[in-house]
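Below is a structure I'd like to ask you about.
Chain naming follows the written order as A, B, C and D, and within any one chain the residues start at number 1.
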Amino acid sequence: MAAPEKLSDIVTSFLDVVHDRLVGDRRGAVADYIPQLADADPELFGIALCGLNGRVYESGDTHVEFTIQSASKPFVYSLALDDQGLDAVHARVGAEPSGEAFNSVKLEAGTGRPPNPMVNAGAIVTTSLVEGSSADDRFARILARLSAFAGRDLSVDEAVFASEQESGDRNRALAYLMRGAGSLTAPVAETLETYFRQCSVLVTASDIAVMGATLANGGVNPLTGERVTSAETCQHVMTIMATCGMYDYAGEWLLRAGLPAKSGVAGGLVASSPGEFGLGLYSPRLDASGASVRGVVAAQRLATRFGLHVLHRPLTLSAAEVTAANDELAAGLGAEQDAVATQLLQENADDLAVWRLRGYIDFDGAERLLLDLDSWLEARPADRESPAVIVLDLTEVTQLQSVAVWMLAALATWCRARGMRVIASDPQGRSLGVAGLSQSAGFDDAVRDAAAMTGANPDD
Amino acid sequence: MAAPEKLSDIVTSFLDVVHDRLVGDRRGAVADYIPQLADADPELFGIALCGLNGRVYESGDTHVEFTIQSASKPFVYSLALDDQGLDAVHARVGAEPSGEAFNSVKLEAGTGRPPNPMVNAGAIVTTSLVEGSSADDRFARILARLSAFAGRDLSVDEAVFASEQESGDRNRALAYLMRGAGSLTAPVAETLETYFRQCSVLVTASDIAVMGATLANGGVNPLTGERVTSAETCQHVMTIMATCGMYDYAGEWLLRAGLPAKSGVAGGLVASSPGEFGLGLYSPRLDASGASVRGVVAAQRLATRFGLHVLHRPLTLSAAEVTAANDELAAGLGAEQDAVATQLLQENADDLAVWRLRGYIDFDGAERLLLDLDSWLEARPADRESPAVIVLDLTEVTQLQSVAVWMLAALATWCRARGMRVIASDPQGRSLGVAGLSQSAGFDDAVRDAAAMTGANPDD
Amino acid sequence: MAAPEKLSDIVTSFLDVVHDRLVGDRRGAVADYIPQLADADPELFGIALCGLNGRVYESGDTHVEFTIQSASKPFVYSLALDDQGLDAVHARVGAEPSGEAFNSVKLEAGTGRPPNPMVNAGAIVTTSLVEGSSADDRFARILARLSAFAGRDLSVDEAVFASEQESGDRNRALAYLMRGAGSLTAPVAETLETYFRQCSVLVTASDIAVMGATLANGGVNPLTGERVTSAETCQHVMTIMATCGMYDYAGEWLLRAGLPAKSGVAGGLVASSPGEFGLGLYSPRLDASGASVRGVVAAQRLATRFGLHVLHRPLTLSAAEVTAANDELAAGLGAEQDAVATQLLQENADDLAVWRLRGYIDFDGAERLLLDLDSWLEARPADRESPAVIVLDLTEVTQLQSVAVWMLAALATWCRARGMRVIASDPQGRSLGVAGLSQSAGFDDAVRDAAAMTGANPDD
Amino acid sequence: MAAPEKLSDIVTSFLDVVHDRLVGDRRGAVADYIPQLADADPELFGIALCGLNGRVYESGDTHVEFTIQSASKPFVYSLALDDQGLDAVHARVGAEPSGEAFNSVKLEAGTGRPPNPMVNAGAIVTTSLVEGSSADDRFARILARLSAFAGRDLSVDEAVFASEQESGDRNRALAYLMRGAGSLTAPVAETLETYFRQCSVLVTASDIAVMGATLANGGVNPLTGERVTSAETCQHVMTIMATCGMYDYAGEWLLRAGLPAKSGVAGGLVASSPGEFGLGLYSPRLDASGASVRGVVAAQRLATRFGLHVLHRPLTLSAAEVTAANDELAAGLGAEQDAVATQLLQENADDLAVWRLRGYIDFDGAERLLLDLDSWLEARPADRESPAVIVLDLTEVTQLQSVAVWMLAALATWCRARGMRVIASDPQGRSLGVAGLSQSAGFDDAVRDAAAMTGANPDD
């Protein structure tokens, strides 16, 4: 774990902390139903996070290629939705958690529909619903869609594809079952070939982080700026990921982590924090349900530590609180801080910067601040002897996500460690770099993590 | 449907529209397993919405009392969570959608746990986990919790309670089953008495709207200001409502409506839009799964029309777009509007008000604006002959929820209908009261609804 | 319904009674998943019964060919048992009623075994367990086995086979499912081809009656005298037919009818009464579970009317009863009868025949009597003017099956109608041709049926 | 294992052989859900067999009392059938194997019927269907019925009853479930009290052997001669025992053992061989499904060794074979044997006895022979020096059950060991006491067992 060199390295540092804590977890076993998966190095472990501005933060083996497998399902589902519409797709596949394994044969009585697009049966149906003038054309469109989500041209691992074809008896069974039941109308052999090929597309942890970020960003790839799909489609995809993505313990997953996610049997796991970022994890050892052991723990840890649960309500300050706070600011410590800042501003503009934050500060907002500060620090004349002084005006902040609290704390720690001064104009004691940060347990945790990240007293 | 007299009546008007459209829907049948429910007037229909500032908007029969039934489950679950903690509660009851009916007997193999706290079996367990020195004390605490959520002292319908006791064979079976399996350790008769009593608590549609709003508000009752439970508990409760609240079609519900919700067999339905509002619906005719027919349709319509899906990503404007927009503002039509506003402002301060909106505008933000404007209009000297002019500066708005778009449109329509002028300083053509509102289909819908509400051309 | 010309026509007459009663039952619908089945004439109805001496009794359309379909399963199972042994076969397929439809996908957890050899999945496995040097050889052995059971060379309906192949998606699914689970190890395409071919073998109602009789006869074809399989294998096959042959209402079937049976979707139904006869039914209209409506009712009526339930205990006379009966015989009416018989015997040997029946008289024993009497009557000089007198000595009969009681009563009626005299030496009042036949309800029924059969007063 | 003193002790000796072989089997565990069962001596092991003449053969702990538990179900079902009729009973309880555990909660969709009368839920229904003017009267009738089946006045273990009442949560659940579903209409508390009381009736292995024999004997208790129920009811009861008596492996049980049977959780197991005998087994260690480990193995061994499968077809000789055999008899060895017998008969009538066996010889017939011979031997003057000579004329035997073959072989061995001569007049080489007994593997086994029983070379 390298010390952060730039402010924006703070995010990388946190990924490093999670990586280092989990790398010793050797539970689970590599998938072995085909030789190519069985041969995977079980020690590999990569964590990547892609923000909505397209910056990708990485820790560990984030550039090792692996086959996307079931993590392809949400993205192909998005293509089926765009080709056929929500109603037409769900006339052929349900939207209910199955309470069963990923290769369940349970079809809905009467309709013959598989339970949802995240189990194999449902994914075979969504693959068959992608339009195309031929099987080749259909797969070309799928590969183009996956590539657009990832922001680079992806390719197929032909050896894995051949093995999947050979060992795919159960999927072949599912397909024939659905054809018999009428929920699959396309030819079985062709559809399965496309499905196996889609599962054999090679990606890295960084790729799937970008793919998740594209969903989180309402369909615009934050790396390339390309609109891949609509915001509405992303909402549908993330809903299905939230309720059905983690197979038979979807409810528990939503309760504990609260993030839309999807795992693949090669060890990949993609998650999306709507409006915030995408997460790409890779570690080949799987739990009993076929999800990456370290991937699940890492995603869960990031989600709970950072308060990223989709039903999490950010800390909100009432108007009354803001007014009272402003009064305090004028009269007390806050005012003094302000006075110092003003004096510094007058004395030497090159050494001083002020950022006013407003409204709801989440990961995305905090990340923008880090990147802005990095730019300012880089632009500052290298020969300045006096330390930089940064003023963060939080007066008009109305909501603070836990992850943003942690990022501001880490920012302050990072700056102080380099001799800079950070002065927060914050009337409610949410100040950074001064006493009074300990409103809540979650907050404490964040601060301890931040300290750990800059080298001081990591306590767990 | 009365015409709105105050700006904040706009919300009521919309509830009226929904009410009037659905009141003719007579599908379903009143529950008849006990005489008290069978006797309910099937025509009753009430819709109530409670914002996070405690204002309750109402349409129809929102003051008729009915028994809360299963809609009590999320709130008693919150009490069990607070008494025992998340892990202890879920050691005894699962968190998975059951894919089965509300009175399913399916217990988890090995643990004997019922699937989740929203089916009867699970709710009996959570009731048993509420602490109390005696059965009476336990129920007193439950009643106090329900009352705190509702913001008034609730009471029990003793006749319903007696009938529930008498007809409760299946629930009795569930309780004995769980006692045999070890997931229920409390005495059966006592626990069921408490459970039946909790189901027999009398509420109105308005009450449950406040209850839902308290969840949406992170545990603080917006009516009374009382903190009823923690934000963390509310997150857990709403997650379970989202995944398990609508019984066997939970996944479909989350895909289509995307709101945590819970129905009761007397016809009540409570829903929460986190950070926005609570919804209380009442209509006694039930569908096959035991949920209010009109309640389900109304909740779904409100959720989809207003973009309230928990995984909905608001429209976001990039920094580049904002800058460009500001430039346009200076050079073009926007600037002209601004000039008019400035001139008006100078000429007659009594007739002119400017509101600057910033950041993310959702239902809560838009509602505050309506209430503020109402106050200003009321405070304005009654003898002014010149029309009021209202300027809405949207330049620094970065995100607009669909419902807020609709509310601003309705505001403009309302004001113009009363001879007021509304000038929006909005460089991106999101202006209200001028041409150019038609960016999206959702937006169009909103505008049409707004027009309908003020009497002009309702087209469906 | 022709009047019986020979004594052994009595059995045919009873089949005619059943045929005529049920031919008006037009419930159910012809299978329509392939055109060849859909085109079947729904009015066809054939009943055939084959005794253990190889005589086949027929009523209705017993020579119309149809495809054997699932009625092939017990016979191919017998071949798998002979090739692999009971344990090896049941290591790959269970022996439990599935409580599910014939095309159920339920496999046993852990082993992947289909529930039993009578559902499609299980039958596919047993087909795969038949030995053969090639697919052709394997099918040749199956066809030879079916032919040996039927006592003639059977052939395949190639058009049905082609259609089955085309429409067999669900069976293909089952096969892939089992291959994935390890219970099927043979290649899917080849195994299914053999399976579909086996289902397309053409048989008549008479053929399957002989097939059932071969099972009932402990593996020796009563028509050809060929030993087709062992008595032990027949016991296994009939057990599986008894518990699993009638799909999801196997228990009810065993309770009500108590005969091992198997139906096919083309309308065939084969049943075996161990040690008694085989039954072949054909009528294309099917009930919801896919069994011939008339076939099920006919088999049930024959089984209950004739007391053929496998757990039925025949009427037994204790030693004391027999002794007392002998004493009565000497002293009373019986003796008188005997005296008449002796006198007749002395006077004219050509006109008199005595049959002594001993031990347990069942269908098989009574049928032998009918055939013997026919032979004697045919051999009797045609110019005899005096009537034949037949003496049946029942003194040493210890057990009488219901069907035998009925057959003896019918014999007496037939003879009397032709002016013959029948004198029974039966001390217990079981005499035929004299008063005192009415010991039991079952007996009454038999007599009424017998009367009906010879033209007198059919009352239902 | 004592040497047999009388011919009829041969049966006892065989039970001893089975007892001694299995007594070392200590698999399984004593039921421990109530203290009274947990305290049972796990070493106890009793085997009793009751023939249709009322003779009870015993080995081991056949007089130790234990509670009948679920083995009461078939007998109470018989009472419900007699009180209500088959159709009325099965309108409330199904007849299908459940494929589930004895305490399954699965009720039939639509009807709410439990699957069959042998699982707890079904047995609670049949108990409720027994008529009675009061709960006491109803139980008095049940106790009278059980006593009539056993042939002695039975009583209740009040301590077990009290414990069952206390620990009966799951059964209580089942009862409430069925009351909710309409299949149970009687009051729950009262019905369960009766049910628990019926389960607490004390019996011995010998008692349940008599109970099973009464079923096998068509409803007449062979000990008391009392007609307890009708033959038709016995057929229904034994059918349900055959298909549903052994819980979730009923199909396997019927395939392997082929005997109607029912186990109880205290270690009792009752089986019936229709027309042959009843079997009572007792050993408290249970397998996973709650059936006595040794009981299951012993019943299975007796059934397979003796060819008692209900679908077993006895060896049958055709008429042609019998005629040919008679010819051989006159001409050859058989004739010579006959000549010896005739000579002995003339020389000394006191020393010679001839038995002619006819028709179908099963356990019941062979047992009668043993008892007759015992009587003759006892009646023979004690001072005769010359050995007794017994002639068995088998010429007219048409069918031989495996168990009868074995009994005749054992008879011969027993006689020879005491210096007596046994001469069989049997043209087909089925002779006993001479060479040529080895037609079949089953026969060999029987002979080896017989030898073992008389002390010579037990080989396993």
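Operating definition for what follows: contacts are C-beta pairs under 8 Å (C-beta built on N, C-alpha and C of every residue); 3 or more make two chains touch, one makes a residue touch a chain.
Please read these numbers as outputs of a predicted model, since none were measured by experiment.
Q: Among all the other chains, which ones are in touch with both chain B and chain D?
A: The shared contacts of chain B and chain D amount to nothing, since no chain touches both.
Q: Between chain A and chain C, what is the separation of their C-alpha centroids in Å?
A: 68
Q: Can you check how far apart chain A and chain B are, centre to centre, with Cα atoms defining each centre and the answer in Å?
A: Centre separation, chain A to chain B: 29 Å.
Q: For chain D, which residues are shared contacts with two or more other chains?
A: Not one residue of chain D touches more than one other chain, so the list is empty.
Q: Sort the chain contact graph into one of these: line, ring, star, complete or other.
A: Topology of the interface graph: a ring, with each chain touching two neighbours.
Q: For this structure, enumerate the chain pairs that meet the touch criterion.
A: Chain pairs that touch: A-B, A-C, B-D, C-D.
Q: If we count contacts the way the header does, which residues on chain C are in touch with chain A in the complex?
A: Residues of chain C touching chain A: 105, 169-170, 172-177, 179-181, 188.
Q: How about chain D: which of its residues touch chain C in the complex?
A: 86, 90, 94-99, 116, 216-218, 231, 234-236, 238-240, 242-244, 248-252, 254-255, 258, 260, 274-275, 309-314, 316, 319, 358-360, 368, 396, 398
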